[in-house]
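Read from first to last, the chains carry the letters A, B, C, D, E and F; within each, the first residue is number 1.
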Amino acid sequence: MHYKPEANYEEAGFTGIRTFMHLPHVKTMDHIDYAIMGHAFDTGVTSAPGARFGPEAIRSRSMRISSYDAAFDVEVFEDLSGVDYGDLSITPGFIEENYEQVEEQLVPFFSKKIVPIILGGDHSVSLPHLRAAAKAYGPVSLLHFDAHSDTWDSSFQGKKYTHATMFRRAVEEGIVNTETSIQIGMRQYSKQHLIENRELGYEVITALDFREMGIKEVIKRANQRIGNTPTFLTFDIDFLDPTYAPGTGTPEVGGFTNTEAFELLRGVAGGNFIGFDLVEVLPDRDPAGTTALNAAHVASKFLALLAYNKKHSIVHSNELTHSKI
Amino acid sequence: MHYKPEANYEEAGFTGIRTFMHLPHVKTMDHIDYAIMGHAFDTGVTSAPGARFGPEAIRSRSMRISSYDAAFDVEVFEDLSGVDYGDLSITPGFIEENYEQVEEQLVPFFSKKIVPIILGGDHSVSLPHLRAAAKAYGPVSLLHFDAHSDTWDSSFQGKKYTHATMFRRAVEEGIVNTETSIQIGMRQYSKQHLIENRELGYEVITALDFREMGIKEVIKRANQRIGNTPTFLTFDIDFLDPTYAPGTGTPEVGGFTNTEAFELLRGVAGGNFIGFDLVEVLPDRDPAGTTALNAAHVASKFLALLAYNKKHSIVHSNELTHSKI
Amino acid sequence: MHYKPEANYEEAGFTGIRTFMHLPHVKTMDHIDYAIMGHAFDTGVTSAPGARFGPEAIRSRSMRISSYDAAFDVEVFEDLSGVDYGDLSITPGFIEENYEQVEEQLVPFFSKKIVPIILGGDHSVSLPHLRAAAKAYGPVSLLHFDAHSDTWDSSFQGKKYTHATMFRRAVEEGIVNTETSIQIGMRQYSKQHLIENRELGYEVITALDFREMGIKEVIKRANQRIGNTPTFLTFDIDFLDPTYAPGTGTPEVGGFTNTEAFELLRGVAGGNFIGFDLVEVLPDRDPAGTTALNAAHVASKFLALLAYNKKHSIVHSNELTHSKI
Amino acid sequence: MHYKPEANYEEAGFTGIRTFMHLPHVKTMDHIDYAIMGHAFDTGVTSAPGARFGPEAIRSRSMRISSYDAAFDVEVFEDLSGVDYGDLSITPGFIEENYEQVEEQLVPFFSKKIVPIILGGDHSVSLPHLRAAAKAYGPVSLLHFDAHSDTWDSSFQGKKYTHATMFRRAVEEGIVNTETSIQIGMRQYSKQHLIENRELGYEVITALDFREMGIKEVIKRANQRIGNTPTFLTFDIDFLDPTYAPGTGTPEVGGFTNTEAFELLRGVAGGNFIGFDLVEVLPDRDPAGTTALNAAHVASKFLALLAYNKKHSIVHSNELTHSKI
Amino acid sequence: MHYKPEANYEEAGFTGIRTFMHLPHVKTMDHIDYAIMGHAFDTGVTSAPGARFGPEAIRSRSMRISSYDAAFDVEVFEDLSGVDYGDLSITPGFIEENYEQVEEQLVPFFSKKIVPIILGGDHSVSLPHLRAAAKAYGPVSLLHFDAHSDTWDSSFQGKKYTHATMFRRAVEEGIVNTETSIQIGMRQYSKQHLIENRELGYEVITALDFREMGIKEVIKRANQRIGNTPTFLTFDIDFLDPTYAPGTGTPEVGGFTNTEAFELLRGVAGGNFIGFDLVEVLPDRDPAGTTALNAAHVASKFLALLAYNKKHSIVHSNELTHSKI
Amino acid sequence: MHYKPEANYEEAGFTGIRTFMHLPHVKTMDHIDYAIMGHAFDTGVTSAPGARFGPEAIRSRSMRISSYDAAFDVEVFEDLSGVDYGDLSITPGFIEENYEQVEEQLVPFFSKKIVPIILGGDHSVSLPHLRAAAKAYGPVSLLHFDAHSDTWDSSFQGKKYTHATMFRRAVEEGIVNTETSIQIGMRQYSKQHLIENRELGYEVITALDFREMGIKEVIKRANQRIGNTPTFLTFDIDFLDPTYAPGTGTPEVGGFTNTEAFELLRGVAGGNFIGFDLVEVLPDRDPAGTTALNAAHVASKFLALLAYNKKHSIVHSNELTHSKI
């Protein structure tokens, strides 16, 4: 059994039920390397909500993406079998309950070494993703593209769980190994916050650092940091400049182009990626659809990263020796 | 086997793959009373194209429609079994080839007395719908809501097949019985065209006629006209005023409200509907999404019409005595 | 010589340079009954500017209007010869200079009994229209559809010339005969202002009055008031409710539908219309294009009013006996 | 001390910091009859979020509203003193904590007989409004305009506090007296839900009921129901049809026009209104700004209702005899 | 006779009938060096249609372009005489008929050495442009900027004529000389397709090649390739990144900036350009108008290329020696 | 007394009355280093108006800007005390009267060495800003970022005061010292105009010059030019490419990125800035809000420039020795 899109050049790409890149919508965990799924939760935001409609928009804009990725020289549907699993069951409006509900759904995927590619939702959704990953792999490395570090201690009224705090919670919970983790692209922080962020153990490359050291150095550092450890790649679409991604809840000026983002993702090819998420796409603020379009392509690069390893027979240990399950 | 949405009040309506009203997406003809399907073709337009994206928008906007229809007092998913069949295979850019390709796909549905509920697409798509219906039922009655009669002889450069000509073609082909057909809502025509249109045999209630006679009289005439003959109901969203439905290719001012449309559809309850289509939703010109929202509700009324007959055990003959197959 | 659109059913309506209803763009005053022209001036506004782009949007949205008007039963291009004259030369940013410049351009039209159909621009543009009309006809009657009476004494900082004051200026200048004038649709005013407005001599039917007396009575009063006197019809698109015409600078809720507007215009058929303007279309606030679409149809009704008189051989005196030229 | 807008006809309405109708932004409880305040919370939604930006949009669109209300014949700023108090402190993302936090802020207003006019936010915000009102007045009457009754027992995953449940919670908590309460405009419900809703004691006029009985009868019933009891008026903008108010999270077709809404509000003049809220304005889905514009006018009618009582010296008992404080 | 815009600094650029850069709209072939014309056809698309409205949007956005081009140091209207010819007669919905109809209209221009500057329309329109050019000049060189090579053998259902196939058809028809042709900017293709594309004889610089070799090398190669052969320059607006040109039917991420595009066009100054087209502008997906704005400037660069040769007295042979007419 | 935002991390940034970065709205000149103010005037435009809504949009989009500026390493609210003063009183529609009215309001600020940070409005507003500055400081230096030099002699019909002429007027009036002034970013001009512009004494770095010399050289030249003279920094948002700032009245392609703009502003740190304005933000053409977002950040950089000097105890002479008051 090899799951891949039925669509082909005889069928117009603008027809058909909207699944990611026309993948079959099947709720299976058998015979698949990866599963696309939506996590339509946005209660964690500190500014504009609406990322719950992100999965719909990303799927809609993925209809025309080519199965051949020229930068990686891979056919993403040939070497890999996968499905669009649909959306996770959620509890909108109640973040802690939602965390538990989602974690439970994800653990089986990680345990079976199926790679989830999760479309958010606001960034708060990453915490249950990491909790589930750590259940299977032990503390994981974080490869984090974002305009924000999301390591605040709390948000309004002292609340501990929002889309600004989960990567501190993850450290406190011991599910991320900061020694092998790196955050890239930060451009909104206080002076004190940046210091604390580094004290947590993360390597942090701010946007100012990035511009100074150049993209090749950034790629080098990212690869040095994550090595071949089990790595969760999290991509906040606000890593891109608002010109490239206006449709997001907390846009930060002075960001990156889509070409830079794709170059970075190509640069980490060969890494040991055990899960991905792509978050903070807010369709109501994306009048030209470019945010969702760029996001859909970022998600397709996740497929390319997996296909690259398959094609080049790169096998990482990933033994479930650290598993707590 | 009873097909109905899995979604329930435990699952948020904004989650899940976008099928019509969360219906299961299954390509079956067994155990179903109706099948929703998209006909994403818009090569037939004489003005703005883009209705190929109509099915996507209507499905997206159908997510929150209640399964209980208060005006009809029916639970649309209880008495009826049905699926979202997905989209028809098409040949974009080549109308005559597309007609053949679509007709072939539809005939089996009509032959099995499954009611297709087809989401356009531009209005030219109705011709293969009628051709397929007539294969199973013989010449059918047309209940037609529209700002245009679509009975021109030809469009630009003498072309015979466009979204302005198909209801004349249907008469010429003998697949519509104009004696039992009625057109309601016309408001763009030349004086001569209106005369010719009536000479074809259609009863025509223009917008001016409508305002003069009142909605109750219109309903009465529609019911008198179609009686209990096998009827194909075609609804062009431009029946509504552009204020209610800006997202369409040939909007005509001085049209109808959504409340009027729903009252008309309620008024023909009990009719013998063997197929439906809903056409000309153009999402790119629908910035507030109200066109697609109204369209999704019109389509849900089609379900209510079928459920109403089931609930009240209204059975029409519909024997396939006239079938040409 | 009979000027009318070259476009016909062999040419697609969405092709061609954008003139009003495909009329030829010729700068002539010979052999024409009317001339469409844009007056792209919006310095007079007290709130949102941008009506300078009104003429472009109205022309764009006039492409599909039928030459046959069913409500009037006229073919507007058969009995009438006319052109799209283009836009008036203006002085943006300087209202008084602009008034002089425009008046000078318009006088020859009125003097030759060519009916100008002027597409604004903000409503302040009506003052030079009336000045020019009065040069040819003496004091004219005003048939005025609007949410505002535009008879304030001054606007901010005591300024006398804005889009809120010109129909008081017109009275002071003796170019409008208020005894035969009527204002319909007002719904933003102070109590004192309404009193003063009536003291100027205008008959004023507020929106509240309108709802109470009904549309037939309004039509009756309008006809009684203007009789067969030389009448300038001025239509501010904000007469319509913002739902029907969001694209305007000073929208007022609780307004009228497009169907009501068209019924009113049909109701005054036979009047002695010597000029028309249609103002305050603001395309930048008209995302669905419905404001411009309704406006284009209102302008086409002006043609129908002229064609109606031609068809029924209604000739008004209109002798230039009162002319001051 | 009489608080009213400083703005006058010498200052352009489009200038100045955006407070409601240019009211001064002062955090006082002294010398005021009413206080405008924003409640920018939208965690309670079951569909599209974003109403947290409602207060900003409503204030922005209130800039041009006239201080004279012709339907009520009142100058709203002459007889009443009031301020724009700014926004309530909130806890986004955590509904129960937010309820407590907001209730605490509102009690002093009700206790001092200052009428809060609260701009939502999603409709879940009404619960703390009612809790605070009941602290001062005992169980209050509810005059409720909405497409939904909001009396479900729970939403997704059994959650008790959302924007679909608070008017059942209010009954359970004994803070609303359903015997003197009425709900108007409902058009999305299951058959069973409507029965239960009435069993709670509410009088419910569905949209279908409304169309059958006519607006005058609706007004009569509303007045009979609330009498001169202390009444909290809650207006969900989705009472309006989506054509009039597309910018809302759960739009329901077949709704009401703005003119109907204003007539209803005029119809209850003389009532004993001790608080108001206006909810569910979602600016990100309001491309033409008409939703916010209609909402701003609804809020201005709340002022007119208060001014009407002042002008006509209508004093209701309102003694704080039932207060639990 | 020297045709150039009448508009000057005494007339506001936002007034006047919308022709390209205010050029006179005259249907002449006499005394002109070039003719702007619209080709409002979009039946050839494989994804989103709507480019039929491209000519209108480009003209609208050309109103403010300066007649002086600083990069080329030319006054485009001084050395060149030209007109806005209006739009080509077309057959919407029928691509093969349209090809014939358009070719016939264009041959006289090429034969008289008038340079057509054609505003699409989808890219399928280029085939009749090339056919007509080859009638006059024999096989021409193609200088092609695009995200796609448009050299597929067929599209859906084996159809040979779409906007994805015409540059293979052109080779098969012998109207393009691939030895002197170059395609620049490709970024959506399969591995096999790229190979086949080069086998057709085209030099192909993909986006990945471009980034590697740098813009100066690209310019060098383009000039080497086309030399001074009669060259048709075709510019698909999707050459630009979707951030710069969202308003197009098949946007591809990772594209080029407008500055890069203008530098490329400057780089080929001196070439022997006998015709130009600019295609795939889709106004309905261009909410901020930037796509049309960039497109209008690209078209103005075509004028600058012609003016540059005139100014520098660069005369290419262009003898009609190869003509098949 | 130290004025700074009350908002802190306990209050959600999306709540509260919209002042710039949550600054208190106080009409004081005491104890403040700077005052934010809106100048909502746009009568001076030669193309699209609407910048009168710029101040509202910029304030709205400033809500989330961090008080810590990493590029400057300053906390903008710690070292500086300031307010949002609200908007200047204006005379819309009458530019010369407005100039006088505004100058009068601004002189006291400059005289007290309070730095005004003025949010336009179209660029014509800079003339009264400079007049007032010169009253306090004598002729000032101009640091000017813009796509246009705004030094034309007159606009349409010979009008001397528009947004295209004020920097010539300023020279004529002797209020700008061109020897210490520099204009950066020009890309729309005639050949002759550029010559004249330099003859006025300005150093002009066109966009073409900029690309050739590189940003570091541009920064060097700017600093050399202004030295430590009292400098007024004027930033027209159309300095940015339309992709970054579509919401402006006269967008010019081939412009700059936001990152480049921020780098330039960082590059002039240490300068003697006595006033700032930021102009030409047109919200009606800014569907994704990115123009206003970038503009708000530019304005926050003005604060950073002032804070930088405070932090580093950079004191410029600025004695009012040249004052003409």
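By definition in this document, a residue touches a chain if its C-beta (ideal position, glycine included) is under 8 Å from a C-beta of that chain, and two chains touch if they have at least 3 such contacts.
Everything quoted here is computed from the prediction, not taken from an experiment.
Taken together, chain D and chain F share the touching chains A, C.
With centres set at the average Cα position, the gap from chain A to chain E is 40 Å.
Centroids of chain B and chain F (each the mean of its C-alpha atoms) stand 57 Å apart.
Counting only residues that touch two or more partner chains, chain D has 10-12, 14, 46, 48, 52-53, 90, 92, 155-157, 243, 285, 287-288. Interfaces, counted as pairs of touching chains, are A-B, A-D, A-E, A-F, B-C, B-D, B-E, C-D, C-E, C-F, D-F, E-F.
Considering their complex, residues 46-48, 155-158, 187-191, 194, 206, 208, 211, 241-243, 246-247, 250-251, 253-254, 285-288 of chain E touch chain A. If you check the complex, the residues on chain B that touch chain A are 10-12, 14-19, 25, 38, 40, 52-53, 55-56, 59-60, 84, 86-90, 92.
Across the complex, chain B meets chain E through its residues 42-46, 48-50, 52-53, 90-95, 97, 101, 155-157, 159, 161-162, 284-285. Of all residues in chain B, those touching chain D in their complex are 9-14, 64, 66-68, 70-71, 73, 75, 243-244, 257-259, 262, 287-290, 293-294, 297.
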